[in-house]
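You will see two complexes here that share subunit A, one where it goes with subunit B and one where it goes with subunit C.
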Partner chain A sequence: MDGVDDTSAVLQAAGLHQPPVEEAPSLLCVIIDTHAEGWHKLEGWSFKETMASVMVLLNAHMALSNANDVAVLGFNGMGPRMVYPQKEDAPLSDVKLEGTMYRQFHKMDKTVLAALATQLQETTVNKHCSISAPLTLALCYTQRIMRQRPGTRGRILLVSVTGDVPSKYISTMNSIFAAQKAHIPIDVCKLGGEKTNLQQAADFTGGAYIDIAHPRGLVQYFMSTFLIDPATRQMLNQATQPEVDFRAVCFLTKEVVEIGHVCSVCLCIMKDEPDGSCPICHTVFESTQLPSFT
Partner chain B sequence: MVGGVRDYLESLPEAVLTRLFQSPASCLAILRLLSPLAKTYLLDMVFTDAPVSLDRIDQLVKPEHRSAQVEAIEKLRHLHLIKERYASKTIVANSTFCTSLRCALTAGPANEKFGVPCDDRSSVTMDFLTEYSRTKWESILHFMVQSTIEIAESLPPPATGALNLLQQSGLMAGPSPTRLHITSEGFQFLLQDPNTQVWSLLLHYLHLASKIGRDEVDVLNFIFMLGSLEVGKEYAAQDISPTQQQILVDVADLGIIYHVPESKRFAPTPLAQILTSENGDGAAENTDAGKSLKGFIILETNFRMYAYTDSTLQICILNLFCDLKSRFSNLVVGRISRESVRRAFHNGITADQIIQYLTVHAHDQMKQTDSGQILAPTISDQIKLWQLELDRFVSNSGFLYRDFATAQEYNLIVNYAQEMGALMWKNDSRRMFFVDRDSNRKVLEYVNRKMTS
Partner chain C sequence: MDDSDDEYVDSYAVDSVQPRQRHPRRKRDGKSSGDAGADSQPQGYAWEDEYHRSWDVVQEDSGGSLAGVVAGMVEQAKRKRVLHDTRPVQRGIIRNIVLILDMSFAMADVDMRPNRLQVMINYAIEFVNEYFNQNPISQLAIVGMRDGIAVLVSPLDGNPNVHLDNLQALRKQYGSGVPSLQNALEMAKVILMHVPSHCTKEVLLIFGALMSSDPGDINKTISDLVLNKIRVRIIGLAAQVAVCQRLTAETNFGDKSMYNVVLNEAHFRDLFLESTTPLSINKLAARSQSACVEMGFASRVNEAKPSLCTCHGRLTKRSYTCPRCLAKVCSLPMVCPCCQLTLILSTHLARSYHHLFPLENFERKETNLEPSASCFGCMTPLDHAYACPKCHNSFCIDCDVYCHESLHNCPGCEAITT
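Up next is the complex of A and B:
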């Protein structure tokens, strides 16, 4: 082995060993909450203006490198939908563009805005869509791109205005863990609604979480936090979340619990003491043991 | 090679750069040339007009990455993208640049008439453009290698403009543009990736253009704008200055755009897209140069090389540093040896360039390694060691002193030479020593002084 080390030492001395420095292409997947009700409840925010800032973020991401790519998803009561890139020959792609130089930007912006605006108008059957659905879709898409173009790094930005549906707690957590496993950071830009799961999503996956109270300077938040790709973020001092709400949700009652019971076999969380067996995996608990923990 | 453009931009005075910043397309292109950290700083400042304090700049980066921060800020300052205000300890971004970039990012209206897409159905197809740029660009590269070996199938020589450029840039030399031979810079040029090649030719073009009194800003704006256009669309070239008209023709010679003479339209080819991307991949997938980027070389640890290609150009390039043994319809087999690599070194090619070429063009199967290294370390290290061999001898001109009568005389003078740092070599037993040419005069004076006294 000494011989090998020698070689590299010799080459090092001659200045011939240089690690290549290059920027990996990165995919930014933005999930936009298009619950009309959620946007209506927000005071001082207009959907249009917020989207203008999001568009700047998308354009800036594309501007950073030719190899960069973006994807946009919208979700409301009708479920999550891919907004950009759309399947080829979508009716919107031949929008008439007047002498604008940045056709790529322009085309993308028009497509995204039009599709999202339509979603916002929709009358929804279900009241609410859980974030687990768009998250899963975004993860699938990101995975596909990462496989198609090896070396691509993916990340997800969630712009949320509504809280999550408690009944989907398990699937939401599962998708967060999937993202963590795939090293896909989830950034959360929270404009309204309660925050429990989303804060955890950002914390577990190494993304940024920002609760923005005022629409002014939204662009600046996007530019200084969400635009920076994860590799560069490691070099920076990022604002840390003061305290993450790690509380879990009871599997049965879907309430947030501080202290609860956990099944020793399937790890399901329960607010109330189970009677005799686990409601999820049906493991029978010994009745003599149970009381001693309460 | 992106570095080459950056260096060129850094060498421009502030006034010229500020004029360049007026074009949003140029701003976008310049942004792409920066390091990730520099991009971060710059974009952080683009939407706030307020100056940023130096403390904030320091706080943003973790202490262990301080050197990267200093480098990023330094780069930004050299490009005149930021200005330091020493009194208030703040920095401000160049306002012209910010305005233009904001315009670009918000997809605002373009302020240039140039580059307006033609409305009616365009006559050019993507395939045609790809083929066009491929032939144009390949004919240049072919022309360069042709001067080294005989190729059976010969392509028509490139346009005179391109030939002139090759000669002026020092990639080829010769008495007239029709009788040229390749130089060592030319050999190096051949081994670079398409992105680097296109840029280095364009940089030479810029130098030439400024020499004959053309406006650099015009040329640069034009080049950057070309990179931001959509490939496969035709653009109208109305209301352009005579300078721009001329550039149009010159750039068409290189195959970067398709331009019908006498017509007022042009179409960027896939080569144009390379201009604003850091690495050639993705952009030029359809050109032959791009096709080769998919990788065709398999290199075994025993230095045997199999190249799955039928492109004479690639074979000629491989021939520069490899002993080719046999050729099949889609495969050439060869061997990298000390002699073949040394031949390349004598042509001015460096070990790094060979390794880079082999890495970039490595076959997909070579890339499936656990270590993440594409080339086996034995090969890359060996090529580097072969280069180091050449550096084993260092020649110095100077004077040899010998035939000293006494040891005392010898010691006196050799010590003096040593003290003044002129001594290159000595052999005490044979009473000989060698003195650097530049310092010899002083030693000689000393000898004369001692001898006469």
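Up next is the complex of A and C:
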């Protein structure tokens, strides 16, 4: 059949048919915690300094390949918001340059810094946004980009300074499982706040979890861990935390349990066997099973 | 020129088969159960219906273009998949399924390419993966029907890899002999005999033939299945068979929607994967199906030097320890080989939560949209909006599908802070 139509052979001979050697484009979604209260608690380290490091990471990611793209989300007590790209983006040509900076970098830097600074000013007392909200948004946006540009690989980096909202446990886990299904690794950069199920998020999706003890070296953490794409990370010796907290907590007493009782209807975990009915869903248990010899 | 092909496709588009499975608890024509009868409109035969041509549905718009209509149809097809039943019903989360695969002469037919058997194995592999993804604390067994007997392909186990290996081995075989429904069902009954009462007992049968060669009376097997509370779902590959209709209706409390015949390969896949969602529990049966189960939450250890695991005898570094007998196992979920305690992680339970708290279906907004309107999830400009009934934010069709199929979260509802 090649004899009938040998255009491909002709093109190959002329060196025109070679597919361009290019790495798969990658979309980096950075989620930044803008709870003012959380940043206030960080001693000796400011939001401004962190953002300087984040901007280095974003620019470096864009610089790695022409096809690479970034997205930035911020979340605080007012809810999650897309920071970059904006809904109504000014065209690139309208961006005024100072000096010889690359136009894309300049535009992104300006938009991101301005929007995040406004978010940090918002005073929201006693209101917290769960990480499930920005994760859900980031996943929807990543899916859109993956639909529009097939072959794109997505990943998410979360910069967190606050603890989590316990009532949102189910939706947080749902978004972690969705990320795992779509092969989107979630990297976590923990600057402050108590430990959360973010460790599990990183562990399940194959991302890195780093509890940063010395924020002065933040830019180095970013460049040596979070910038590297997940496929390359396997070949490098990376600083990670091997112990992941998988312990189950009793729904009633909030104690950590090792051997617990699970209601077969609502799957709630209990430390002691309840008598007769489930305290959460009020299902009456069947008692035909033989009593145990204990 | 009126060939039957056209009507066939059209009946799929017009949705004469789909709504039955989408309302699994809707009762139809309760001849055998006696408790139904709310919806007993007689359904005529397909050939008695008015003739629809697929090209009659497509109308040009004012500009003489078809693009808008075609886009609308694509959207409709996507939409069809996301409309799940979101009523909060009690579902049997801890499941035990026996998957019965027809491996008889009928599976050598080539109406699906390369043949029915290969297509079935492909989808079965996909089913096993998805089943254990959505039901991590459930178990599965696989049985084959060939040469008039039932053969055990894969024993009851909670580890997907065992089943996947066994299914891959099936690829080298050919369909041969006659199938026997009775033998396969009897084997399934025996496999499910020891399952505790808080777990569901289900059979998923892929039936390619139109006949069954049984050693005895199948009616007795059916009544045995009903007594054992085993629910049977059948996917037929050829045509409806009366005994299958009876079998599914009687074991599912008169619900006839559990028997479906495939229209094409895509439909086959949809039906197959639909069985990954846990069945809702009938109220009458609910009482005996709830229990408090003892489970161990294993802790993960990373060892410097590899040691042997109790489950497979392999050298591993990364493993889990049973909290009761301190035995080392290499993967979870698993029943501890030493003390028979069910070992899981709390996250395995979390994977099933979306069955218990399903995301509400989004409603299509009929009002005109502002020109600047964009999707709340991904910020694409909107042509048609789908709104969450709780938070009233608008979404595009792609986000709607993604949220319901994989994410199980509404971006708008999540954004409400507390």
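Please note the rule applied: the second predicted complex is superposed on the first by the 218 of 294 C-alpha atoms of A that agree within 3 Å, B and C clash if a C-alpha of one lies under 4 Å from a C-alpha of the other, contacts with A are read in each partner's own complex, and residues count from 1 in each chain.
Just so we're on the same page, contacts are C-beta pairs under 8 Å (C-beta built on N, C-alpha and C of every residue); 3 or more make two chains touch, one makes a residue touch a chain.
The shown structure was predicted, so the numbers you read here are calculated from the model rather than taken from an experiment.
Look at A:232: by the touch rule set out above, it reaches subunit B but stays clear of subunit C. Of the two partner chains placed by superposition, only subunit C is touched by A:170; subunit B is not. Contact with neither subunit B nor subunit C is seen for A:213 once the two complexes are overlaid on the shared chain.
Looking at the shared chain after the overlay, A:109 reaches subunit B, while subunit C stays out of its contact range.
Partner contacting the larger number of subunit A residues, of subunit B and subunit C: C. By the touch criterion defined above, A:260 reaches subunit C but does not reach subunit B.
In the superposition on chain A, the residues of subunit A contacted by subunit B and by subunit C do not overlap at all. Chain contact summary for the complex, subunit B toward subunit A: residues 24-25, 28, 31-32, 36-37, 39-40, 43-44, 46-48, 59-62, 65, 68, 104-107, 109-110, 112, 115-117, 225, 228, 230, 273, 276-279, 281-283, 351-352, 377, 381, 384-385, 387-388, 391. The touching residues of subunit C, counted against subunit A in their complex, run 90, 93-94, 133, 196-199, 286-297, 299-300, 302, 323-324, 341, 345-347, 349-354, 356-357, 374-375, 377-380, 398-399, 402-403, 406-411, 414-418.
Touching subunit B in their complex are the following residues of subunit A: 4, 7-8, 10-11, 14, 16, 18, 22-23, 25, 52, 55-56, 59-60, 63-67, 97, 99-106, 109, 219-220, 223-224, 227-229, 231-232, 235-237. For subunit A in complex with subunit C, the touching residues are 77-80, 82, 85, 87, 124, 127-130, 132-133, 136-137, 139-141, 143-144, 147, 165, 167-171, 173-175, 177-178, 181-182, 200, 204, 242-244, 246-249, 257-267, 269-270, 273-274, 278, 283-286, 288-289.
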